[in-house]
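Provided herewith is a single structure, encoded as structure tokens, for subsequent inquiry.
Letters are used for the chains, namely A, B, C and D, taken in the order the chains are written, and counting of residues starts over at 1 for each.
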Amino acid sequence: MTATIAITNGTLIDGTGSGPRLNGTILIENGRITSVDAAEIPAGVQVIDAEGQWVLPGIVNGNIHLLDGIMMMGVGGVEYLARYEGNLTSVIEEAAQIALAAGQTTVFDTWNATGPVLASRDRIASGEVPGARIFAAGNIVGMGGPFSADFNLRARQVISTTFANRLDELFSTGVGAEDLSMLAAEDIRPIIRNYLARGVDMLKIAVSDHLLPTLGATRGYLTFSERALKVMLEEGRAAGVPTLAHIQSVEALEISVELGFDVIIHSTLTGQVAIPQATIDKILEKGIYCGVQSVNAAYQSLLEQIQHPFTLYGGGVHIENEQRLIAAGASIMLGTDAGCTSHDVLTDQHGHGDLNRPWTLGTDHVAWGQALIEKGMSHLQVIESSTRIPAEAYGKSADIGTLEVGKFGDVLVLGSDPLDDITALLDVTTVVKAGEVVDRAALPLQPLASVPIPGDPS
Amino acid sequence: MTATIAITNGTLIDGTGSGPRLNGTILIENGRITSVDAAEIPAGVQVIDAEGQWVLPGIVNGNIHLLDGIMMMGVGGVEYLARYEGNLTSVIEEAAQIALAAGQTTVFDTWNATGPVLASRDRIASGEVPGARIFAAGNIVGMGGPFSADFNLRARQVISTTFANRLDELFSTGVGAEDLSMLAAEDIRPIIRNYLARGVDMLKIAVSDHLLPTLGATRGYLTFSERALKVMLEEGRAAGVPTLAHIQSVEALEISVELGFDVIIHSTLTGQVAIPQATIDKILEKGIYCGVQSVNAAYQSLLEQIQHPFTLYGGGVHIENEQRLIAAGASIMLGTDAGCTSHDVLTDQHGHGDLNRPWTLGTDHVAWGQALIEKGMSHLQVIESSTRIPAEAYGKSADIGTLEVGKFGDVLVLGSDPLDDITALLDVTTVVKAGEVVDRAALPLQPLASVPIPGDPS
Amino acid sequence: MTATIAITNGTLIDGTGSGPRLNGTILIENGRITSVDAAEIPAGVQVIDAEGQWVLPGIVNGNIHLLDGIMMMGVGGVEYLARYEGNLTSVIEEAAQIALAAGQTTVFDTWNATGPVLASRDRIASGEVPGARIFAAGNIVGMGGPFSADFNLRARQVISTTFANRLDELFSTGVGAEDLSMLAAEDIRPIIRNYLARGVDMLKIAVSDHLLPTLGATRGYLTFSERALKVMLEEGRAAGVPTLAHIQSVEALEISVELGFDVIIHSTLTGQVAIPQATIDKILEKGIYCGVQSVNAAYQSLLEQIQHPFTLYGGGVHIENEQRLIAAGASIMLGTDAGCTSHDVLTDQHGHGDLNRPWTLGTDHVAWGQALIEKGMSHLQVIESSTRIPAEAYGKSADIGTLEVGKFGDVLVLGSDPLDDITALLDVTTVVKAGEVVDRAALPLQPLASVPIPGDPS
Amino acid sequence: MTATIAITNGTLIDGTGSGPRLNGTILIENGRITSVDAAEIPAGVQVIDAEGQWVLPGIVNGNIHLLDGIMMMGVGGVEYLARYEGNLTSVIEEAAQIALAAGQTTVFDTWNATGPVLASRDRIASGEVPGARIFAAGNIVGMGGPFSADFNLRARQVISTTFANRLDELFSTGVGAEDLSMLAAEDIRPIIRNYLARGVDMLKIAVSDHLLPTLGATRGYLTFSERALKVMLEEGRAAGVPTLAHIQSVEALEISVELGFDVIIHSTLTGQVAIPQATIDKILEKGIYCGVQSVNAAYQSLLEQIQHPFTLYGGGVHIENEQRLIAAGASIMLGTDAGCTSHDVLTDQHGHGDLNRPWTLGTDHVAWGQALIEKGMSHLQVIESSTRIPAEAYGKSADIGTLEVGKFGDVLVLGSDPLDDITALLDVTTVVKAGEVVDRAALPLQPLASVPIPGDPS
């Protein structure tokens, strides 16, 4: 990581919220930016000429699940887990490579199998394998595994209990609904402390339940008492990790804001009840970061047409909530729930090549940008929300999120102007991560889940 | 109701906790007790000679569901509701008559279809039909109807949506999970006020969820935030009705105690986690009444043998919880969840004539007494718990619960000594309700659910 | 039944296939037609002046299920049976009254609960209650009851086994799949003989399986070996009843034709495989009657739009099969599978007042006529197929099917011309059954299933 | 395959039905037996001294499914297929190696994914990989794939349709229920001819349905008309392959015997109806071979205790059927339905090391022997039924089944006497296949399904 790179002649959109700046030359040495307006380019440096191109910070995706979580709530998750068990890190790394090739240099995985995602995080961090930089929460505290009511309880009718339990344990990691929800608040403390000691990067808590796949979306419960939430927040803060709230009702949102979580994931998912204005005010006052999982109009229309169970989540009051948060100037952060969907599930859903699908990693941030623009964000704000804001939300501003001296050399070069058309984010010419040019064509190195299953003799 | 009755020569166990008293003569005039040690019997009075018999206050059952609620969580509820829809008051009255014939002169129905149960309550109160005196909570606030995840969501796969929705609305009465759980606390207030205006006698709130039939018993959620609970309690208190908490975890119990609910229904159902001693102390300190749904050893053994889903509820830590509450001297009240189970469901379960079955109205209080004695209560305490204590719990001491002057003339005469053997409660010779001798042989007047379905031509 | 009736001045369409005849006067004495061209009307006779009207034989519906069978394959059958158990004859009679009021003076019920349908048949035959004349097959031999895989196996997950088994026995009557399909051919004989001795009017056999509701419509099995079928046919013929085949594949049809069944019910339901021409030739050669359950284009389009599971049954190759049978001149008989659908199920399906719905008794024969005309039948043929042909199919020509001397005085008078527009069949002015004018406005006498469920106090 | 082997000094049980013979020396040259009583051993020959041991023909298992078919009817099949898709030949070969190591030198796979099983057959035949010699039927004609009603229809609720359909097609191979059961007999002919051209070794036909996993075992249908069966048999005979019938009712058995199938698989599975004596007589008269899947008493008792769905199949009338076939002297052939069960499913079922479990390949033939002895077979007959008889049944007597000159050198050497205790079949000292000593310790070469799933980082 000692090579030096210069990116020259491009139009800089540096993520700070400033307007575009012409002819900036960025210098990256030992992985970090040493200049953003270098007058001279040292000899022997690798030069990337961005003449007529646009230069942005690497995308920071604040909410994804590298092993595809959306899929695990519906059909297909069962076979995905059976197929890749024992090899989950390969799929996680495939996902991180797909993200990186698309310009997402950093991803925050806010739910996943803890062991595998931390292992892959470390392998990527050490340079053993390429991929987007991963920060990982592991399980959402209070949520069960993939074969529980939180995802696909019904699958247990057709799979072995031994397999189901093993996977549920792998995912719930001792901090699932069944581990915690019956306990008194203080009995939860040592379990959380123990969990944090595993080295997760964030503490994400199921303030609301996650029973949607089993019960539908018409009711919302609280997983924990406020007393229990306080205990967990104390532990998270003591461990120095950002705290994230999973919510799906206005009371859960209100409690999360009140208790001062750092980030609210899918902050606009409040059933079909509008967020009270007082709550929005408090979010701004407290400087809480808002994850928003937005669906663009084209895809929302498809969901409605096929009566998809997620229709209400992207539509209805959700839309107003998004518009009001944008108008209020909340700190909105890119987050998509995208992951490495299996090839078969995409075939089922006619999803191959569908750029509007919000959950397809690699194009997810573009569909998200479109959706936010439809709801009132400017193009420039979309770029901030996809770079600087998630970095701040997770306390990573020292390293990522803008093109500023001292930060990692994570750079995205585009062939067309994203301030004119946000789909320019798809027109990637170069991705640099920590000062190294990404060999995009080679990624993912060994695709498994994103390509057709190898055939048996027929 | 103007006849005068004298019950003479019996051994009085008056419900106050005093030991048995010989040769008391009770005089009841205009429905109320005017003497408990009358020296002389006025002329023209109807005399019940209780020589060699035992005279108790009428049993007060603090927790039943006249339309059988236990059944609605398993098989059989679907056909029960289909069969008796349009005629639910008849089944409710059948149940109230079965209870009365067994000596339960007052029952507190803590979950039922609000409209029908209030209509039957009023018909019985006015003397239009016989039956145990009913006080009713209607729906448990925050809980859905019989075809929701709170009871039998799966039934919707085979019944018409029109039928399912109509019944769900009849039961949830606008205060179900889907009506309330997505709302902000203050938005709940007018809905509760409105609900109380219907004339329910108690306000029962789902502090815990009731998802057990759909998810199993391994996790517990909170239906409402504390803020929302406080709003509801304010409204209940303003309306002057007792407040009841449905709980199934230690945190839900703790919150309920903290907030000062009057009665905790099934207070020992805390998953498999022991109630913290501090919580027990607070229960006693605050004088909170504890409903306990106990299973006797014989039936518990049967549940375990057939791996019944309710096994853990009657067993495990639940048993210790009961023992500790008894030992601590908590105010424990009779409550059984019994109802008018359908004849077919009892046939399925080999339940006809099974005196240990806790959910068969009419024998439920006896199985309950056995269960409590097994866990450490004295026989005399069982009688208090089945008479005076529930009356106090619900603020009805002025009228019921003991054999004291001024109270309703609700009297149970037994042919053998319940202080010797609690099954003497089955040896009923006479039941008097509000000064009128109950024609026990005639009850239920027109049995529907408790007898075989009439046959079609075969 | 001794009154004499004269129907005068109408245009006669007598069911024989002759064209319309003007000014015929029909005389009915003691329930039977004594003249169709009476020159003089005896004194004291009740005269119905059909001036400007059309006079037809009463409609003969060759395939209905008075307790609605279609519904029992989907949602709603469960609650219907629970609600009306013990009272099934009332619903059967309600259905027969709805049919009669619409001009269906005779119906052939080819599947139903044997005991109830025979009881209602007899009550109507004796004049105890009004209604269409019923001939009944009872169970389809080889088919299980309403809670078996032939209808709604899934319902057993939510209803009591005691209820499920009792109803299954009531319907399968000892000749269900589980009674017979494991037996050797000769062991079936005494069971069939016994069944016929109950007095059923037809012997209907499941040549094909009826697993469609559980397995979908993509495969077809044979319930019995040919050897077993022969045994059953021998018994049916010995008992002098018509023999009916339930088929749903070309092989089942071929076998049924080969063995010489009298009637093939839904003869065109051969999966998506065209009936071989040789089989059609044999049907004509042998004079086998073809039941056809046709769906008109408007309703077929609706089925396709909502992706109804019955879409393929009314559409695809089925349509060609119908066209080819019509073109070949087969003896096609009215049959609709209609029954007394519950009000709730119709609400679910937006079916109230939908004249195209093929399964709503009372308008079913009109939708059927439309469907057959769309496939090539003439209006006059539709009338023959709805009167004379089903009478012949079932060997009842001596009594019903045409306006000829000696037959029952079953007459339908229409206010407009059915040869011009078949929906004239809805324009009924008078129905006469066995010489008695039907009080159409009074029918059904006590509606149960076809009206909203009575409400409980709300 | 040119080495010469001599097996000396053992006690020969040669499979012909003759009693044991002492001190036989078997000579195998170029893979085939050249002497069974060699006086002299040529120089340079590999000598296996079987002094004090017993020498039998290699076991010939007449009915197994290398990919475990039993499992696919219950839980676990879903994850098994997902996990090994694209690699099915590896699992098939693992199974064939487990079988071979246990002394099963030849197996007849009567249902499996056609492409993979034929590929593995060929790889083993060519010597590319070790394993039991495979003869394979591919699909059972008329039966659907693993995600159809024939196995696990319910799985489709949780897996992707793309995956489900691909696997169903892989297994049903164009001759499934949905391909054939709606067709007229003659339309089936070219499809079967085409299927046979793929090179399957046997033609197995679903005379009975295989709906048991979806419908339970209480009813039995015929998949094909006799006419269709005749067409298929004609084609099978023309192709020179043995014909096998899958039956599960007396009528299906009767039809199969009548039509002259070569082998009846699980010939005693006739519901709970005894096989008529006349049918047994005909089986003997026609020399039809009877597959029997027997359960020994210990395992039958376990099945009954846990109320396993297969209880009735191994018990009840089935037992009598087996006893009567044995007593009648029918040609009974070893067949077990065993396969390579997944490690997780065995864990679920506490099946690891359970020698009584009939479906665990490698010990299956021993449990089978025990079961047959319990029902009246002699030890010597068990050995014949496990060697010579299946070879004859499938027309392979020229090559396998006995220790006779000219046959393949397939030899099983045991350390104890199987005529004394049939579990001696587990006491294998040497297995020779086609003259090559099997390296038993090395098999299976690369275990996948029979060992724990490799773990992910935890």
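FYI, a contact is a pair of C-beta atoms (placed from the backbone, for glycine too) under 8 Å apart; a residue touches a chain by one contact, two chains touch by 3 or more.
Just so it is clear, the structure is predicted and the values come from calculations on it, not from any experiment.
Using mean Cα coordinates as chain centres, the one most removed from chain C is A.
In this assembly, the C-alpha centroid of chain A lies 51 Å from the C-alpha centroid of chain D. Look at where the CA atoms of chain B average out and do the same for chain D: the two points lie 61 Å apart.
Chain contacts: chain A has no residue touching two or more partner chains. In terms of inter-chain touching, the protein chains here make up one closed cycle, each touching precisely two others.
Interchain contacts (touch definition given at top) occur between A-B, A-D, B-C, C-D. Chain contact summary for the complex, chain D toward chain A: residues 75-80, 82-83, 85-89, 113, 115-116, 118-119, 152, 154-155, 157-163, 166, 170, 342, 344-345, 347-348, 453-458.
Of all the residues in chain A, the ones that touch chain B in their complex are 144, 149, 153, 177-178, 181-185, 187, 209, 211, 214-215, 218-228, 249-252, 254-255, 270-273, 276.
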